[in-house]
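Letters A, B, C and D mark the chains as written, and numbering starts fresh at 1 in each.
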Amino acid sequence: MSATTTPDADLRQSLVAWRRDFHRFAEPGWTEFRTSAAIISVLRGLGWRTVYGPELHGASGRLGVPGPEVLAAARERAIAQGADAELVAAMGEGFTGVLGVLETGRPGPTVCFRFDIDSNDLIESAAPDHRPAAQGFASVNAGAMHGCGHDGHAAMGLGLARLLTGLRDELNGSVKIIFQPAEEGLRGAHSLVAAGWLDDVDVFAATHLVADGRPGHVVTGADTYLASTKFDVEFAGVGAHAGGDPEKGRNALLAAAQAVLGLHAIPRHSAGASRINVGTLTAGEGRNVVPRAAHLRAETRGQDSAINDFMFARAQEVVAGAAAMYGVEHSLTVVGRADREDPSPELLPFAAACFQDLPGVTVISERPDGPSGSEDATAMMRRVKERGGLATYVHIGMATEWGHHTERFDVDEDALAIGVEAAARMALGAPEFLASLPERS
Amino acid sequence: MSATTTPDADLRQSLVAWRRDFHRFAEPGWTEFRTSAAIISVLRGLGWRTVYGPELHGASGRLGVPGPEVLAAARERAIAQGADAELVAAMGEGFTGVLGVLETGRPGPTVCFRFDIDSNDLIESAAPDHRPAAQGFASVNAGAMHGCGHDGHAAMGLGLARLLTGLRDELNGSVKIIFQPAEEGLRGAHSLVAAGWLDDVDVFAATHLVADGRPGHVVTGADTYLASTKFDVEFAGVGAHAGGDPEKGRNALLAAAQAVLGLHAIPRHSAGASRINVGTLTAGEGRNVVPRAAHLRAETRGQDSAINDFMFARAQEVVAGAAAMYGVEHSLTVVGRADREDPSPELLPFAAACFQDLPGVTVISERPDGPSGSEDATAMMRRVKERGGLATYVHIGMATEWGHHTERFDVDEDALAIGVEAAARMALGAPEFLASLPERS
Amino acid sequence: MSATTTPDADLRQSLVAWRRDFHRFAEPGWTEFRTSAAIISVLRGLGWRTVYGPELHGASGRLGVPGPEVLAAARERAIAQGADAELVAAMGEGFTGVLGVLETGRPGPTVCFRFDIDSNDLIESAAPDHRPAAQGFASVNAGAMHGCGHDGHAAMGLGLARLLTGLRDELNGSVKIIFQPAEEGLRGAHSLVAAGWLDDVDVFAATHLVADGRPGHVVTGADTYLASTKFDVEFAGVGAHAGGDPEKGRNALLAAAQAVLGLHAIPRHSAGASRINVGTLTAGEGRNVVPRAAHLRAETRGQDSAINDFMFARAQEVVAGAAAMYGVEHSLTVVGRADREDPSPELLPFAAACFQDLPGVTVISERPDGPSGSEDATAMMRRVKERGGLATYVHIGMATEWGHHTERFDVDEDALAIGVEAAARMALGAPEFLASLPERS
Amino acid sequence: MSATTTPDADLRQSLVAWRRDFHRFAEPGWTEFRTSAAIISVLRGLGWRTVYGPELHGASGRLGVPGPEVLAAARERAIAQGADAELVAAMGEGFTGVLGVLETGRPGPTVCFRFDIDSNDLIESAAPDHRPAAQGFASVNAGAMHGCGHDGHAAMGLGLARLLTGLRDELNGSVKIIFQPAEEGLRGAHSLVAAGWLDDVDVFAATHLVADGRPGHVVTGADTYLASTKFDVEFAGVGAHAGGDPEKGRNALLAAAQAVLGLHAIPRHSAGASRINVGTLTAGEGRNVVPRAAHLRAETRGQDSAINDFMFARAQEVVAGAAAMYGVEHSLTVVGRADREDPSPELLPFAAACFQDLPGVTVISERPDGPSGSEDATAMMRRVKERGGLATYVHIGMATEWGHHTERFDVDEDALAIGVEAAARMALGAPEFLASLPERS
């Protein structure tokens, strides 16, 4: 592979600058208006084709999109924070995210990289030894913070685009870089897949920075993500004065309490790990009123999709039965989901070779050694594999003290260049690698 | 009224003898084969017409009848304990109880008295200071004991029949004495009412001995019985090995546990007292098996029938919803019920007059001063009132230490003659009393 | 009684103006800074002694006071809405409410009237046929609205003060008018009582406007208020990632759900009505986090204080047990309470006489005919009676369509003058009335 | 190995005869009086030393022993079914089971085999195509049935003893055969271990017949048994009349219902599989009585002992908290337990060699491929390993249609000789095998 894949000092500076800019103006899922607009601007400047707005997601099918007031406020804020107003308008009702495409015009495979770009619902620490606070790039958007490294992912995506632009003459086929919105809550991948953008992909890699305290530890085939379904439940009963005529009420809180217990009583599955969580419950209008409404935010998980399907099917029964117990109405809405999908084993040695001998890389493993959360990039992996392509999910370890989804999470910025260079190598080497596979020769 | 209503020494002895015989051979609801056969024999000896078997109840409509094995064993036992085998056969599948009718042939009202005859599910005390044990008439039927005085009631009914037979020439119209089965559990009255035996009744009185420690304290219009519904619930799920494949189970115990909590969470009613109880729960097959079956015995009550209806309607929702939560089947069977029915106010002075100056009577009140259980005689009262008759429910206090439904309950046998004489007065005086009422004149 | 007790046109206009001013600037319990300051100004202008701030309540003992930020914001708002800044500062950390005292210097009884002044947590209707909205005096304070008529009560208190000032020479003894804060939630009366302001009261009356659609229907001895305890519960567990390591969590939401069911399963009480309500439950931090915290707002009630005490004692057990089930910490804080207290029967004829023949009065009853909520004025009544005085609670019916605690509640302003005149008659007539009582002569 | 290890026709007949005899007189855990007496007789006849009664278990420390009436009835039945009365008396209060010892007098290792002998709580099928029924050896003991093959295990133990007696001159060291009582419920192994009988064992093997439909499929190192704790819970409250004074009750059923839900809500463990089951719940005395007592039979399991310990520790909290919620007493008794213990890896090739080429053996695997229940032989394995010995757990597949713990379970009697011969080979070959191990040479 060509030594020219190494990011130079200028690109390294840009990676940090982009990451800090995204960090400062953190935007939660489906409100990444400013982030997306900034990405579009850079890609356009590099001459890439950009896909965004309803074209990217299709008109329907997105999961867990916030309500119109939230979107309107986010658009307004994005513009106030420097986003191009026309681009923001084009993303309208939360059609955020960007697909950048580089077409060489030469025959060859389509290689696709996925970076997610949304922030978390966290209040960032103001502690003086929290670097973003100390150096002035802590989030200025209240309640939003990049606590999972997606600011770094977005920067890596831009860095990769710039690097590949310079390597254009050495590339064959096409490169796609997906800047995915709304990974948190497992919401953003599905509509992108449904819109067909993965259908022609031959090699796919998603990359995630991992705060494991092991800088340079690379995992080429992360396979421990749990299948998961995220869902909201509304119980709607009838209020009544709790002292005057309690019998007239239909108590939504009691239905919710029974449901919470019933959800946790869904049996363990003998085929593998399962999970259930009711993360939040908000119910009732006042101390002396029989609660009319209750709202749950919950999730199931499974070591594979069948186990998660079992959990979610039982969960739906539990919720419906609990509502019936109390004569209250209910609605259950899926707001996110992820399947379990294994990396393509034949892709892993190639991925390892792309990380081999890169500065800062210390260990390269095939599989992670701990439990994981869930990831909707699996939907992309599944689609690529269904269509005959190869897909994997890569972890890059970081020298970081605080864990993901904490108020003190920070990105080890040295890891950014590693991810960029390995991806560039993958794009460059994919034609030869694919040609070497027996079934593809 | 005639002084000849006073029971003589012979009748007093018979009252005690009958009562102790019934006590010794206690029979629970719908299995009073020996008790009923004995009653029929006495009534026949007095020349009364007797109605029993399916004619008494109609072919269907009885509530809470035990299963065929229980009935077969009870029939066999009754015969072994001296019951007439033909009569037992005639009562077949639990068509117990007797209606005795005395028709004078002279015009006049129909006066009806109700005495219940079934025993309780109690293990009678063997304590040496428990009179039935000390004097050899404790129950010989394991798990069955007259713990509510129905042995005394049955004896009073027979005493009344014998007394009225002697007074036959002074009576007008007809007298009916109902020896009702299965009052415990509120099961026995409804089919008797449905069969029409109360339709022609002009004056109705039910009598109950009360262990209130106030001998001779008479209440002429007991009106505090709660409306109630008794019901059984079966949950039927799917068993599974709790270690090997718990996900294959459908857990009936969990459904039952949720139902129990949901039943107790039915709201209080602002219009008056309500009650809920799940008295027993039996579930599961073995420690390491996901429970396949669960069985509840429960009841609702209400200060009036509307409140009880509210409770029972909500209870049905709770049970159905809990079953749905766990994907188990369920069935809910009403095995007993009672409405709330007020005594006819115009009857109370006449009832008081019948008790006036009787030996042993100390105080005569219109209403009781404490809370009560429930009573299915209210179904008879309601029917009588619907048809234009007058009805009431009488309490006779007893000098008794142990409460109803305890293993040491005993009847104050001095109270028996009081009840008999007052009832005889009522039968004799009814024509004149009715004639004195403005609306009936 | 003197005809001079009749409010003139000027006073009638003031009653309406005061009421509408209080309505427009509605302030919830313990934040009635502007309302209290306005009351103090009027009373000072009339020459009454005023007691307020910590002197009124004592330094400790107030129940359910909001946190310092809420109070600071309320103070700021009150000043912005015209309140005297010095008075607001004197009320500092929520020591709101006012006691006005008129001392005649002549011997005689102390007569005390109580009017409550706080608003409800409601969003007032903007419907064009809602008079406050149509006529421009709807609440300008978001989420606060006078939905229980305390704006009218406060106005009546001021009207009474002005009327009695004019009748000063005909009065004997002293008059106290208590403008009580924080009646909603049963919070404001107890510290006032503890501070001793009721200790010398001979005749006490609280007055409440009632939206029963029966204008001029007066109840002189409202006795159906339920005893009640209002309490908050916090469960504090340990968060954990619901996918990654759920076993590390201590689930506060599950503890809360079990507690909610356990609270509703507290048994009915055979001695009378009981109530339980968990009005609100808020739990959890995020969908994929084991809930670390849960917060309940709940209440018990009882037909008498013993029943409420039973309910609350059981509730404390339930909450502690539920916390122990899940290994979470808990705290339970009483934020309001009311006992049941009966009006003094000997006071009722006098109260009736004070309303007799007043313009607009249609019916005078001794007792209300429906169920009620709860009232902390009972604490004042209890104290007065304990010290040998007489106390009652008066209802004045109103021609109003919408019920209490609804967004469309409105005061029938014609009722204000009725309350004022009857109270003035009570103050004037109290010496003679008390002298007429046998035990006081 | 010597061909003389092959069971001859006579021994094969005896294996079947013994198994069918044990099957016919099935005895549940701690009541295996007849079974144990029969085993002692055979062993004595072969000249083996036998250990039984309190010497075998120590005076205390047995788990889950039935009450004295159950034991007395079982002793009486055993004698009636032919057991030696003196031996039965020696086993007294359920000290069942036998240890047979063959000491060669020559130096060499101690090799120990464990066979369990207790039956299950099942009603055996009477279907004509159920072989035990068709051929007249179905269980004659109501409610007891060999539904897990322990009848076959006991027969194998006796067959092994007879075979080894014949091979006595070729053996070195000692052989122990443990006929363990009460494996069902994980009760019988612990006291035997505590009494020291495993302390000198160098090679240990437990053998289990498995109804997997794969005759001759041998697993040499079954390692999927879950750690487990079996426990009973009693809740003791206060009864009360559910209509008359429910507030006087302390509801044990409600405590149990909450506990059941709380137990099932114990979180999943990220380190591996966990299980919880409440297999049975029995509560309450009568429909109209507030339940005074409730009894649960429950179990936890874990993929390793730490996970099971986590489950059981949480379960204890849940039960204690639920009792506290309702002010009822509770007690929790451990009636069985098993740890997870892995087979010694160095023993597996030797075990495989012992099965190699045996008639009927089809496949030899190291590990099972499905989930399992739990086993208290792990306590023996643990002790042997702690003392420096090697231990394993062997499965022998059977051509059987019906699963374990079903009413139609039957033993594939062809498997018996396989187990016997492999064990004999193990006893004969152990000295050489042990000498071959590097660390033991």
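In this text, contacts are C-beta pairs under 8 Å (C-beta built on N, C-alpha and C of every residue); 3 or more make two chains touch, one makes a residue touch a chain.
Because the structure is predicted, anything quoted here is derived from the model rather than measured.
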Going by average Cα coordinates, which chain is farthest removed from subunit B? A
If you average the CA atoms of subunit A and of subunit C, how far apart do the two points sit, in angstrom? 52
Between subunit C and subunit D, centroid-to-centroid distance (C-alpha), Å: 69
Interface hub residues of subunit D, defined as touching at least two other chains: 244-246, 254, 258, 261, 264-265, 268, 270, 275, 290, 371
Could you tell me which shape the graph of touching chains takes: line, ring, star, complete or other? complete
Hey, which residues of subunit D end up touching subunit B in the complex? 121, 185, 226, 228, 230, 241-246, 253-254, 256-258, 260-261, 264, 275, 277-291, 294, 297-299, 301, 371-374, 405
Considering the complex alone, what residue numbers of subunit D touch subunit A? 261, 264-265, 268, 270, 273-276, 371
Report the residues of subunit B in contact with subunit A in the complex, numbered from low to high. 244-247, 249, 251, 254, 258-259, 261-262, 265, 267-271, 290, 310, 314, 317-318, 320-327
